[in-house]
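Working notes, structure below.
Every chain is named by a letter (A, B, C and D) in the order it is written, and numbering of its residues begins at 1.
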C-alpha cells in the first residue's frame, strides 16, 4: 500500500554493515557477495531511506594509506550527496581485529588501550568529515569470559579513561560530535561490561564530560536480557540521553539475531515506535539488522523495505491508539482513581494491531 | 465485530481455576473473590464457550465426605447440562497439599506416592462421572531444588510406576479415559522432571500402556524454556499424541505468567492456531490462563472474551494465509528447488497479521 | 569446621521474612508455621548473626493501633538489644496489599500514590526507632503487564516524585537514613520499571537529592536477567552507591527463587564475595533468601547456617586467590602487555574453588 | 596433583574442531592458526586422551578427490594408531556450506536433501574406515527463522525420511555404526527442530529403525534452554539411548559458548559426571568445547588439560558423595518415609565440592 512507502522525512537509516552483511555465521560461510558502499547508498536512496551509517572499516579498509583514504571518502561523499542522502552517524570497529580480543578500551595491556583510542579518534574524524554528529561506541570486546582474568572495577576505571580521552578529543577539536554508548549483555564476550542501557546511563554520570555522552539503545540487545526495549528507551528519554537508536528484533534469551524490525514481536515493536514518536525523538530511525542467511541481494532489499514498512504501519497504529476515544477514556478513568481496566486496554490494543479495530 | 464471536462449535473451554483465579501471587494477597463453579459455567456458556475443565479440588473440597461429594457433583452436572456445556477434561491437583512438597508420584516416601496415586484415581473417577474422556496430569511437584536430594533416574522410575498404576486403573475399570501429560520446565520446583513436551513424548514410549497416554502441550510452558509452542504441538501431532492443548501466553525466560492467549506474542500465537487448525486437532481449545491481578470480575470476563476473540481473529488469518496466492506460490517455488524467499514470506505474514494485506 | 563459624564481626544479617518464610508458593499452601520475630532474633544470635532486617508489616501488623505498635516495637527492641543484635536496615511492604496491585508510587491513582508514600514514611520512622540507617525500597508493583495500561515515561515521573517525597521527609526530620533502591526485572509484575541495578543507578542521578540514595543489588534479581551480580555490585561501588546488598542465589532466566547463598553457582558467588571483600564494603552481608519448601524449622536454621558458612568458605578462598603467586603473576604479566592466560587463570580458580589447590 | 592426571582408560576424547578451533566469532577474525590433525592427535595423546572425533570436513577437504582422500585417511590412521589413540566417533558437517543454509535434511529443495544424505553417507563410510562405531548427527541447519517459510510438520517428515535413509544405508552395508542424534534449541537457526534431548528421544520412536539410533546430549545445548543437562542424560539412560555425550559448559539463556567443562557451573558439572559414572555409561567422555578466544596454542592445551582435570576432580567427588555416610543416611531416611533434609543434603554437597568436607 502506497501509504506505507518511506520518504526522506521519515529519517530511516541503515548501517552499511546491515544491508551489506554477507551472511556468515559461527557455523557457516558467507552466502552473499559484499555490496559496495556506493551501491548500498543508491539502492537505499531509491527505497526512500534518509541516510546511511558506517563503521570506519566498512568504508575505508584498515590497510588503506592516507591518500587512498582521502580518495575513498571523497568518492563516497560524492555519491551520498548526489543521492540526497546523509551520514548522520558513524562508529568504530573495536571488535574484529584480534588485537582487541581481550578488550579494547578495557584491555589490561596499555598498548592495546592506546591503539583503541587512536582508532576511535580516527573514526570520529571520519564522522566529522562525513557530516555525522553522532558517534556510536559499542564496546563489543569490553568484557570477560571469566572474572578471574580481570577485575570488573579495574575494567570500569579503564573504560572511563578511554571515553574521557574521546570526549577531550572532541572538545579539543571543537567537533559538534556527541557520543552514543551502546550496551549489550553478552556476545561476543561471555559477559560484556555495562550490559544494559540502564547501566550505560549510570556510567555516563561518572564521566568527565557527561553532557556530550548519551546512549544508543538497541532493541535486540535489551531483549537478549529479557528486558523491554521500550522501557530502556523511555528511561533514556527521561534522562535526556536518547542520542540515537538501533531498531531490529530478537527473540529473548538467545544469540544476537539482528532480525528485521518487528519480525519477532509486533507488540513490543509497537511500543518502541510509540516511545520514539511520542517522546520527541528527532534523530534517525536506524536499522541495525540484517537479512536472513537464506537471502540473496534481492532478499536484502526486501528486508530493508520490510523494516521501514513495518515501522510506518506501526506508526499509524500509534496515531490511532492515541486518538482512540475508548482507550484514552479508560486511561483517564484510571488517572482519576477509577479501577484499572488493563485486560480491556490490552485487548483493544491487540484488536488495533491485528487490524480489526 | 460479530464475525469474531465464539460459538459452541469452536470448542473453547476454560478451567474453573482460570476464570476462577483469585489473583494471589507470591508477593500479594487475593484481589478478587472466588467465583462459584455454577456461576462460571453460566457465564462462560453465555459468552459462547463449549465447556469447562477442572481439578478435583476445584469442584469438590478435599474435606468433603462421600455424600457431600455426590451432592456437589450432581448439582454441577445439572448446571453444566442445563447450559448445554461439556466437561471434556479433568485433572488432579497433586501440588497444593504440603504433603506433596517434595514430589507426589516421585516422592521418595512410599506413603506419599500411594496417596498421590489414590488421589489421581479418584480424579479419574470424577472425570468419568462428568463425561470427560481426557485426564490431564501435570506433575508440578515432580522435581527438585537440588539433585543432591534425589537421583533423576530413580525419580523417572517412580514416575513411570505412578503412571503405569493409573493406566492399569483405567483399563481395569474399562474407562474411555486417555491421559494427557503436561510438561513444564520449572516452577514451583527449581527443576521439574521431563521439562518439555518433547521429553514427555519420549517418556510415554517407556510406559506399560503407551496407547492411552499422550500430551497436553501448554504454550506458556514451552515459552518459559524459550522454545516454540507451535513446534512442540507439531511434534505431538506428528507422533499422534496431541490429546489436549493449553492455550495462554508468556514472555520467554521468566515466571509462569498464564497470560491471555496472544497477549505476549501475536506471531507465535498465529502459528499455534495454524498448527491446531491445519493439523486435524479435534479436541477442545482449552485456555489455561487468568486475568491480570488488576482486574475485578468484570475484567475476568473481558479476559475470557479476549482469549476466544484473538483465537478467532487468528484462525481467520490462518485461512487467508493458506489461500494467499503469493505466499503459497513462493512456498511451491521453494519446494521445486527455487531459491528461498523467506524475508518476503515473513513480511507478507506481518502484513497479514497487521491487517494491511 | 570451626574456622567457618560466623561471628558478629562478620556482619551477617537476615530479614525476618527470610527465615520466617512459611513456604507458600503460587501452587501450594504454607508448609511451616510462622516463627515469631523474637524467636528469630534469639536463634540467629545463637548462630552468630549480627542482626536482622524487616519490612514494616513483618513486625507490626497493619491493623495495629498506635499503642499496640509502641508495645510491639519496644518489646522487639528489648529482645534485639538483649541479644546484642542490630537492625541495620528496614524496608516497606508496598506489594502485598491489593490496593497496590497496579503500582504503589507509580499507580495512576493519586490516592494510591499518597497511601504508598505515607506507608513508606511510617516505615522510615520505624527504621529510625530501631536504629537502622538504611531504608531499602523495592518497588515490586512498580511495573506493568501491558504498556497499553501505563506509559513508561509517565511512570518514571511518578516514581521520581515518590522518592523525592521520601528524601524530603528524611531531610525534614533530620534522620540519618539513606535509601537503597532495589531493582528486579519482573515478578510479581510482568515487567518492573528500572529492572536492573544499572537502571536504578541511572535513575538516582535524576532525583532531587541523589546524595542519600544508593542501591541494594540483589544477586538473584540480576541473575533473573542473566546478568552477573558481581558486575552490578562493581558498578555500584564504582559510583559510590553500594549502600546495602542482598545475598542469595538463583538459576538464570526463571522465577524468583531466593535460594541459599552459593547453592546455584559457586563461581558466581565467589566473585560476589570478592567484590564485597575487596571493594571496601562495610555494610551488612544481608541474606534475602529462604529455605526450600521441603524444610521444617530445623531445616530453616540449617539453611541460615549454610548461607553464612558458604560465605565464609568463599571469603577464605578470596584471600587465597589474592595471595596466590601464580595467579597474581599472570595478571601482572597481562598488565605489562604480556599475552592473556585466561584459560590458565580460570582453571587455577576452579582448582582453588574445588579445594585441590 | 598427579592424582588428577588423565589416562587412556578414562576414555577422554576431543573433536578435531575443538582444540583446532581458530577463534573466529560473529564479530571477530581468527586469532590462532589451524592445528594440523596429526599434531592434534600427538598432543592429545601426550596429555592422556583416549581418542579424537571429527567431522568429515575436519580431516578431508570437501575439494579432495578420491585419491587425495585415501592418502589423507591412511596417513591419519597411521598417526592415530601410532599414538595408541582411537576415533570412536565421526560426524558430518551439514551446516557450513551455504547450500544447506535453509536446511539440509529438511530443505524444501529435494536436490539439497539428496546432497545432504549423500554427504552423511560418505561421512558414515569415513567413520567405519577409522574404526568409529558412533555417528553423531547434529542438524544445525534443520530449523527456521520464520515458520512462514516452512511448516514444522512437513519438516519433521523430511527429517525422518533423511534419517531413515541413513539407517537403511548402515543396515545395507552391514556397518556396526549407531547414530547419535544431537539436539540444540537455536543457533545458527532462529529455532532448530527437535530442540532438546527429550524431543530427539521422542523422535527416534517414529523412525523406521529406532534400535540403532540414540542421542548425544550436549551439556551446553540443554543449558541454552535453561534445562539441566544431568536430567537430559538421565532420561537418555533411562531409555537405553545414551550413545554418546558432549561435555562442555555454558551460561543459560545465551549464545552457544562451548566453554571448558565445569567452567560455568561446578555443581551442574558434578551431576553430569555423577550421571555418567553411576549410570553405566561406557562410551567416550567427549569434550565439545574450545579455548577462549584470548588464547594461543599454549592456551589451547591448557584448556584441554583443564577439561579432563576438572572431570577427574569431580569424579573423585562423586565417589565420596556415594560413600558419605551422612549423605547416604539422609537419603535412606527419606526413602523410609522420614522428612526431607534437602537443605542439609545440599549444603553437604557444597562443602564437598568446595573441599571442606
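Rule of thumb we're sticking to: a contact is a pair of C-beta atoms (placed from the backbone, for glycine too) under 8 Å apart; a residue touches a chain by one contact, two chains touch by 3 or more.
Worth saying up front: this structure is predicted, and the values here are computed from it rather than measured.
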**Message:** With centres defined by CA atoms only, which chain is the most remote from chain D?
**Reply:** C
**Contact-richer chain pair [B-D vs C-D]** = B-D
**Request:** Let me have the rounded angstrom distance from the C-alpha centre of chain C over to the C-alpha centre of chain D, please.
**Result:** 40
**Message:** Centroid from C-alpha atoms only, then distance chain B to chain D, rounded to Å. What do you get?
**Reply:** 34
**Request:** Would you please write down the residue numbers of chain D that are in contact with two or more other chains?
**Result:** 101-102, 145-146, 149, 185-186, 224, 226, 251, 253-254, 263, 292, 294, 340-342, 346
**Asked** Contact residues on chain D for chain B in the complex?
**Response** 101-102, 108-111, 144-149, 151-153, 156-157, 185-186, 191, 193-206, 224-228, 230-232, 234-235, 237-239, 253, 271, 274-275, 278-279, 321, 327, 331, 334-338, 340-342, 345-346, 348-349
**Message:** Per the contact definition, I'd like the list of chain B residues that touch chain C in the complex.
**Reply:** 23-31, 95-98, 100-102, 140-141, 145-146, 149, 185-188, 190, 224, 226, 251, 253-257, 259, 263, 292-294
**Request:** Write out the stretch or stretches of chain D touching chain C in their complex.
**Result:** 1, 4, 226, 251-254, 260, 262-267, 291-292, 294-296, 299-300, 302-303, 305-306, 309-310, 313-314, 317, 339-344, 346-347, 350-351, 353-356
